[in-house]
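In the part that follows, the structures are each spelled out as structure tokens.
Shared between the two complexes below is chain A, which has chain B as its partner in the first and chain C in the second.
Up next is the complex of A and B:
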């Protein structure tokens, strides 16, 4: 399976609304998931104010929380299996 | 700040909107719009209805404007834009509307109760408040005096003690449930450390902010100078450099940027000198004085020990005096992790005009459309010593003073101890007062982990504590003594609170 590309916006607006919690979550995902994802930081995804924002394989998600991110990832990974 | 909860997001959204409207000269006309932009018609999300959410939000807006909740929003906005600050309003306030009146009984019998035969709980209760109902022990709240003996007596641990998060967070017993169960702060005991603000899961405790008044000063073309406290490293993102942050500050409207590490170097030198001069000849121990909540605790809770607190001013005040001396007509703004600094600044109006937290500054950046991560690095390299930089984390002040004394060949004079967290500090002070400790130099920090653990921070202190040390290593000089600038400024700056 091709790796899931996750871009986390670390711009000031998203930082203020909790982007670091998403990064912290992505650092502690289970090992078998870790091999399936490619985490990158970015400075802006152009949806400021609705953050924290991420892009998963090019799709933008706003207002993310670690819980919502987990749902997005498990859907993608399960679909691939 | 460890986790960005919905409560934290709400507070930050309010600050950001207030800053945005002020930058756009729309605050007076548009302040009411915040009520509908932050709490949308999709709600309610947190409370019973959108009306309740908006009533709470009103309280948050008032605090962001530094105006009392009795004023109408339009009046409050107009006065804030005119630069007015409510004079006799504390920094930390309970937002009455937001307080959920947590109906918490201190001692509760849980499902683990087996209705045993021994009934140690009943036997232990001095008020005969415990009886058995429906096959389980029952505590009569009208008789219970919350002594906790039943909890200790139960062999199953079936009786638990719980308390309101604000009460548990306050090491000084300054916040209690009032008559209607809403939280009330006893300002004779409170040192405005902000621990309750961080702890309340309903976001019912807030701090007043000066962002509007400050933005107005910038708009009037005043020379507004930023004094950035050493805990800034990593606050705006792990990879954000000092040079990027300082570029962003200038873009925001600051005339110049100083690192408070300069004042910290001056304090290291002065405090070491003061220690050598006064201990043991005039007093048997001395404490640091840079944490205003720690100093406030001694003033309010252990007033007999005030003569043991170093009379050296804090790095904030020292830096403020340098700036006022160097930049004519400067409006000085301390930017740090601390709410208690807002109180301290009000006592040193010759040195500090405004105090911002990192959280408030980030909200101003967002409100002004500035993304710090996209700013160019202006090539700034730390000008102060490693000592000045490590003031940001617990143990930093102590290390600086000990190393300075060691350089002078006086290492054996010091028997030093550091404490962080107000309860730990208080305990150590009581030991010293009773003569049960041979410590003669104590560093006291109200926040766990030191300044990086402050209530106005944006990041996990476990991360930023390390980043502070990495940044400190890049300093031009390792020791405060080697900072020629600090040595020079020391000669012409008033460094003491009471004398000189």
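Up next is the complex of A and C:
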């Protein structure tokens, strides 16, 4: 399966709105999930007011929380399986 | 001829039992000159410190305004308070004035001769006696070159060891021999000054019999740094600004996510963001090939400005790899800093729930520039 590319915006607004929580969540995802994802940082996804923002395989998600990110990831991984 | 930069290093040691050093040093940088004034006040402790501080403050501020030497000496002689014990007003005076082209004037009044170091050879700075405002001074003028070094010391350095390891003290020759060992290496002016003072402390066996001060000045090419932060108001100027950044001499730093994206787009090279958080308060750094440092914008700049304002210079020796520490190190290493600051406003930063400093970017940049100027950096800013 092609890896899921997750870009986490680490710019000023997203940092202040909780991007670190998303990074911490991505650090502790189960090992089998870790092998399926490719986490990258980015400087701006141009939705600063609605952060923290991520891009998953090119689709932008705004106002993310670790729970929402988990839902997005599990949907993608289940669909791929 | 290229303008030279005078790198100044100062080290001091107070007489045993005294909290204040009776020697004072003032360094003033004008657009054209670096003026260094060293004074050794009569006696030691508070009294000596007051005398020497007055001398250096008066001399440096008058010289900065271009007032002639005779008036400076006259003013100092008439202004110094009279010592109640010895019934005299007295402090030594040493002035080093270096123009950006290397033209150097040295004035000495009752102080040890300054050391001139060129290509590992050390001689007293050549001076001639002159009577100015009734005082006999030694005055010399010489055109210094890149790599030359000047060292001025107070007599506590020359007499180091008296009452300690050396019966007759270190002597001018002894100091010269020590400088010969250290000056030919790539050491900074600061290190050379500190090494001399460390030797003094050793010769005095940790109980200095006099206040000691060493001022080392090295002439070298200035180290430049260009910091681009914030996108310009007019997007059509993006390319021109990035090209200016790339063609600037010295180190190049980009602060701000959108700014990094602009630089990346114009250069055609990706921004790679580091995913680690060495310091949870500072967003991660990034990298773009050809740029020395890429950091987040306003939070990082604010952290650097606050650390500089509160003199938290220990970050210089820190191994932390967060953006603020890396940027602070680079700024402190540079002599001349050009800031290209974009005036475009990110509407998302006007959110009242976010810390106030992020929508006050201009104030943060001003604070940073003031702190850098306070520690002697030459900073220019252009708002775009």
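Just so it is clear, the second predicted complex is superposed on the first by the 81 of 81 C-alpha atoms of A that agree within 3 Å, B and C clash if a C-alpha of one lies under 4 Å from a C-alpha of the other, contacts with A are read in each partner's own complex, and residues count from 1 in each chain.
Here is the rule we use: a contact is a pair of C-beta atoms (placed from the backbone, for glycine too) under 8 Å apart; a residue touches a chain by one contact, two chains touch by 3 or more.
Since the structure is predicted, the reported quantities are computational estimates derived from the model, not experimental observations.
A.B. asks: Counting only touches as set out at the top, which of chain B and chain C does A:62 meet: first, second, both, neither?
C.D. replies: A:62 sits against neither chain B nor chain C.
A.B. asks: For A:40, using the defined touch cut-off, is the partner it touches chain B, chain C, both, or neither? Pick first, second, both or neither.
C.D. replies: Only chain C is touched by A:40; chain B is not.
A.B. asks: Classify the contacts of A:48 with the two partner chains as first (chain B alone), second (chain C alone), both, or neither.
C.D. replies: both
A.B. asks: Go through the superposed model and pick first if A:70 touches only chain B, second if only chain C, both, or neither.
C.D. replies: In the superposition, A:70 contacts neither chain B nor chain C.
A.B. asks: With the two complexes superposed on chain A, say which partner A:10 touches: chain B (first), chain C (second), both, or neither.
C.D. replies: both
A.B. asks: Looking at the overlay, does A:18 come into contact with chain B only (first), chain C only (second), both, or neither?
C.D. replies: first
A.B. asks: On chain A, which partner touches more residues: chain B or chain C?
C.D. replies: C
A.B. asks: Overlap the chain B and chain C contact sets on chain A and report the shared residues.
C.D. replies: Touching chain B in the first complex and chain C in the second, residues 10-13, 15-17, 20, 41, 43-44, 48-49 of chain A appear in both lists.
A.B. asks: Quick one: which bits of chain A touch chain C in the complex? Just the residue numbers, please.
C.D. replies: Result: residues 8-13, 15-17, 19-20, 23, 39-44, 48-49, 51 of chain A touch chain C.
A.B. asks: Given the complex with chain A, which residues does chain C contribute to the contact?
C.D. replies: Listed in rising order, the residues are 256-258, 260-261, 271-275, 277, 280, 283-284, 286, 296-299, 346-349, 351, 354-355, 358.
A.B. asks: Okay, in this complex, where on chain B does chain A touch?
C.D. replies: Touch residues, chain B against chain A: 3-4, 8-9, 12-13, 16, 236-239, 359, 362-363, 365-366, 370-374, 458-460.
A.B. asks: Please output the residues of chain A touching chain B within their complex, sorted ascending.
C.D. replies: Counting only chain A, the residues touching chain B are 10-13, 15-18, 20-21, 24, 41, 43-44, 48-49.
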